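Common to both upcoming complexes is chain A, partnered first by chain B, then by chain C.
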Partner chain A sequence: MNVKKENLIRSSLLVISVFILIYPFLFKAAFYQHIMIMVFMYGLLAVSWDLMGGYANMFSFGHSAFFGIGAYTSTVMLIHWGINPWIGMIVGGCLSGIVGVLISYPTSKLRGHYFAIATLAFLFVTKILLENWRFVGAAQGLSVPMVKESSLLYFQFHGSKIPYYYIMLGLLVLGVVLTKWVIRSRIGYYLRALRESPEVAQSLGINTAKYRLIAIALSAFLAAISGTFYAQYVLYIDPPSAISLHISVQVVLISVFGGTGTINGPLLGTAILIPLINLIGAWLGGAGRGIAFMVFGAVIVVMCLIQPDGLIKYFEGWKLSNRRENEAA
Partner chain B sequence: MKLLEIKNVTKRFGGLFANNRISFDISQGEIIGLVGPNGAGKTTLFNCISGYYPPTSGNILFEGREIKNSPPYKVCARGIARTFQIIENFQKMTVLENMMVGAFKKHKYKGKAFKKALKVSEFIELSDKNFEYASDLSPPEQRRLGLGMALATEPKLLMLDEVMAGLTPKEIDEVLDLLRKVRDSGVTLIVIEHLMRAVMSICERIFVLDYGEKIAEGNPEEIAHDEKVIQAYLGKSYAQG
Partner chain C sequence: MDATVIIQLFVSGLTVGLLYALVAIGLTLIWGVTDIINFAHGEFLVIAMYFGFFTYSLLGVSSILAMPVAVVFLGVLGWIVYRYVISRVLKSENILSQIVVTFGISVFLQSLFLFLFTGDYRSVDNDPWIKGDVQVGGIFSSTPEVITSILSLVVIFFINLFIKKTYTGKAIIATSLDRETAQLMGINTERMNSITFALGIACLGVGGVVLPITTHVSPYSGFLFAVLAFTIVALGGFGSVVGTILAGVIVGMIQTFGGFFVEPAYKYLCVFVLYLLVLMVRPKGIFGW
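Let's look at the complex of A and B:
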């Protein structure tokens, strides 16, 4: 790897980071800040999806259900028991992880399309359950109780989106760091091995069921974190907004567009597609929102035709050299 | 004590007896050949030992403990590794990463697994390809990689399913040298092989299967002159003549 290219990568990474950090002060309009917040939120969802769909080869259309579990858990705990949403976030994540583990048992023998269909069923079951469950607001949904003043402790800010911006950015960074750490550890190697060939993986001592389970649990946990943020950000949730096929499909498409099984790919995909949908939607207004999704679809179809491995494939050589590999070579 | 004991193992698929009451013992440090015509049940027996199929009846003991109903990953944890008849590896991972997956069984940390993979790679003479993707290797190199992945788990018993298929005579000699090196490092080997020259030159004992049954057992010299074996391979008329 030549030094010049490495410097270019380093400096562009630096510029992007600085840009993200000062973005809310460059773009003061709430709408532009909202777009970036959505980028971070979907970014975390896409990264969590990638862990399951990209690395463990479990194509999930049910991620919105985990997202919804996160949103509902923190909100229900806040409304009924007055528990702080930050704690609700962790509890929601854990609950979502447990649900993930539970659905992984009946689906453990399913592969490919069949697993995807099972996750779809899971999504609809969760949605119908919430629509009919009085305790959690049924079809009316739940409003997050307002606090009088903006408070970090209660995770509510009025009049400004900037705190939400940095909180979601922080959550995304934490999520990405955690996921990358897992992917680079033994678990990550095992998941990639499983994706390539479960038979060989078993012969090398990998308990396939166990590692599938770990991937689902972690993925569900991260998706739920994103969900709690959504509830606190919008302050109102109902089954169609928190648990929808729409969110699930969007997350899958974004990840496929960016390049699955890479973590960076889904992030790149979100950074491009989420602003695209929002900007086109706002520009055309009203019925134009429909056209935004047509453009969204078209972009993905084109990407699948010209580069099925996703946009990230074009940046394949853009890696900072690995210290250990240098030592070995 | 015997390392591996196969006791009356039968594997039935519907009406077909793929393995029929097969018994044999293997001691530590041997190189065993498992031969027989196509469809004789050699690979099925491997699958039974390594946990992919539960045997219909009979028993399999490894170091005196039953492994009959253990799943493959537990059998591997006990110290049995295997390779596959068709080339099987993780295509989108590099040579070293492929072997690290195996090495993680004994070394939980990445640094240590990496070092182990480096060592194995040197052992199987694939060091110059360490950072290439498995999919970019030639078929003989992929065969050697399969061997390396199994070795990285540090097995006591290594079962090789036709590692020499499709190799040139020169490459076969290289693999034979490699297998002797593996044996000298203390690993017991069972080798399924069609190439008689290869089997005869490295195996100390040979078991011959035909139609799911063990028809002969002995050293290479005995096997070469066994009437039943000649009959199985060349037909009745040769055996009589």
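Let's look at the complex of A and C:
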């Protein structure tokens, strides 16, 4: 790669990161800030999905179950025991990781479509349980108790979305750094070996079951973090909003649109599709109900037809950009 | 515990199970031949349900009359979807895109229904032909349920006949067993794929049109059926027609017995949990190999 191109990439990435950092001050309308917050939230979900789907070849359609576990754990702990949501976030992440490990046992022998269907069943099991469990509000859902003053300690801010913006941005950056670190470590190489050929990986002495477990646990942990954020941001959760097939499918489609197994691809996909859906929805208003997602569905189908490897494929030569973009996004 | 209660549950389980088998049979055919799981299956079913509903509400006649139109429409739609989308994705090496493309279609169709028909729940509440109950020796069943079971048996019978007796049917089986050999034998496998896809989706038109009588139709009615159908296909062993029918009936039984003995709210939970348990022992389903 020549120096000129490298400089171009460097400078454009600098511009993007500065833009993201000062965005809330450029766009003061709550709606525009909300869009970016959603981009970060779905970004974290997509990255966590990519670790499982893109690297370990486990196509999960149950990711919103992990998301929901995160949202529910922190909220239940806050309501019943008055435990701070930040601690709830960590506990939720760990609980979600444990559930991920448990679910990996019955599904350990499944590949491709089989795994996808098993995760759909898992999603429904989680949803039905939460819908009928009184302690967690059953079908009525839970409202996060309000605190009077905005406070970082209680993870609640009134009147401004800016704190939420930076918190979610921070969580996303942490998640991406962590995932990238895992991918670059020995575990990442094992996972890729496993993806290319489980048989060969096993014959080389790689404990495939163990590394699948690690991928699921970490992925579930990150998805749950996103869920806790959602609960604190919206301040109300119920089974259909926290554990929906809709969120699961969106996360998968966005990741595939961007290009799986790259971490950057899913981020790119979220950065394009989430604003697109939100803007079309807002632009057309109630009359155009459904049009935003018609466009979304059509975009995905077209992408599968023209470039099954995702949008990121077009940026293949931009090696340097890959690294910097993450630190920025 | 009364014996009639058990028989009643058995009959309900059987009718529900046959309905599920009807939805799942197209799915399993498509999987067997093309190696694609049609995740938009539920949305195609919803199309049939809307056909049934609007035939009743706009024309004021029984929704079952929509069947021929729905079958033809879905068959043509299935053929188009195969020809212009699925066949192209099949050529790519990327298995994920094969899974995701039908999800894209599903999201598209669901949103299209939402746009065209709004999110309202509609049902056929007074069908001129199909109404009331059937009672045999103290065992009850509603007429629409009996009709769907009969339709389901008819479809299963004809699909079996088609596969076993006709040249095209045999060619389809050959393609699903070994694509390359089938090609060497002069079978146009691409054509078999499109026929199977069209047929698998057209099946939905048979039972789908009468579904709004017992349940309701909305843009989202498809997905519970679809998820149950995937479970059934996975339980039955992908691509096995007999396995699918048996698994459908088993799932119907678990749902009704589970709903009665455990808790009505947990009837689907019983199904999914059983499925996850079976996976531990038999990853390719009960009847899979």
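Remarks
Criterion: the second predicted complex is superposed on the first by the 318 of 329 C-alpha atoms of A that agree within 3 Å, B and C clash if a C-alpha of one lies under 4 Å from a C-alpha of the other, contacts with A are read in each partner's own complex, and residues count from 1 in each chain.
Criterion: a contact is a pair of C-beta atoms (placed from the backbone, for glycine too) under 8 Å apart; a residue touches a chain by one contact, two chains touch by 3 or more.
Note that this is a predicted model, so its numbers are computed, not measured.
With chain A as the common reference, the superposed partners chain B and chain C fit together side by side. Across the overlaid complexes, the C-alpha centre of chain A sees chain B and chain C at an angle of 80°, to the nearest 10. Of the two partner chains placed around the shared chain by superposition, neither chain B nor chain C is touched by A:Ile87.
Residue contacts after overlaying the shared chain place A:Ala30 against neither chain B nor chain C.
Once the two complexes are overlaid on the shared chain, A:Val18 sits clear of chain B and of chain C alike. Within the superposed three-chain model, A:Leu204 lies in touch with chain B and out of touch with chain C [touch as defined at top]. With both structures placed on the common chain, the touch criterion links A:Glu196 to chain B but leaves chain C unconnected.
Between chain B and chain C, C touches the greater number of residues of chain A. In the overlay built on the shared chain, the residue A:Arg186 is in contact with chain B alone; chain C does not reach it. Of all Cα pairs spanning chain B and chain C in the superposition, the closest are 12 Å apart. The contact sets of chain A with chain B and with chain C never meet.
Contact residues on chain A toward chain B in their complex (touch as defined above): 184-186, 189-190, 192-193, 196-197, 199-208, 324-325, 328-329. By the touch rule above, chain A contacts chain C in their complex via residues 53, 59, 105-107, 109-110, 112-114, 116-118, 120-122, 124-125, 128-129, 131-132, 245, 249, 252-253, 256, 260, 288-294, 296-301, 304-305, 308-309. Residue ranges on chain B touching chain A, taken from their complex, read 50-52, 71-73, 76-77, 81-82, 84, 88-93, 97, 100-102, 104-105, 108-111, 113-114, 118, 130-131, 149-150, 152-153.
Contact residues on chain C toward chain A in their complex (touch as defined above): 31, 37, 85, 88-89, 92-97, 99-101, 103-115, 118-119, 219, 223, 227, 230-231, 233-234, 238, 263, 265-266, 268-269, 272-273, 275-277, 279-280, 283-284.
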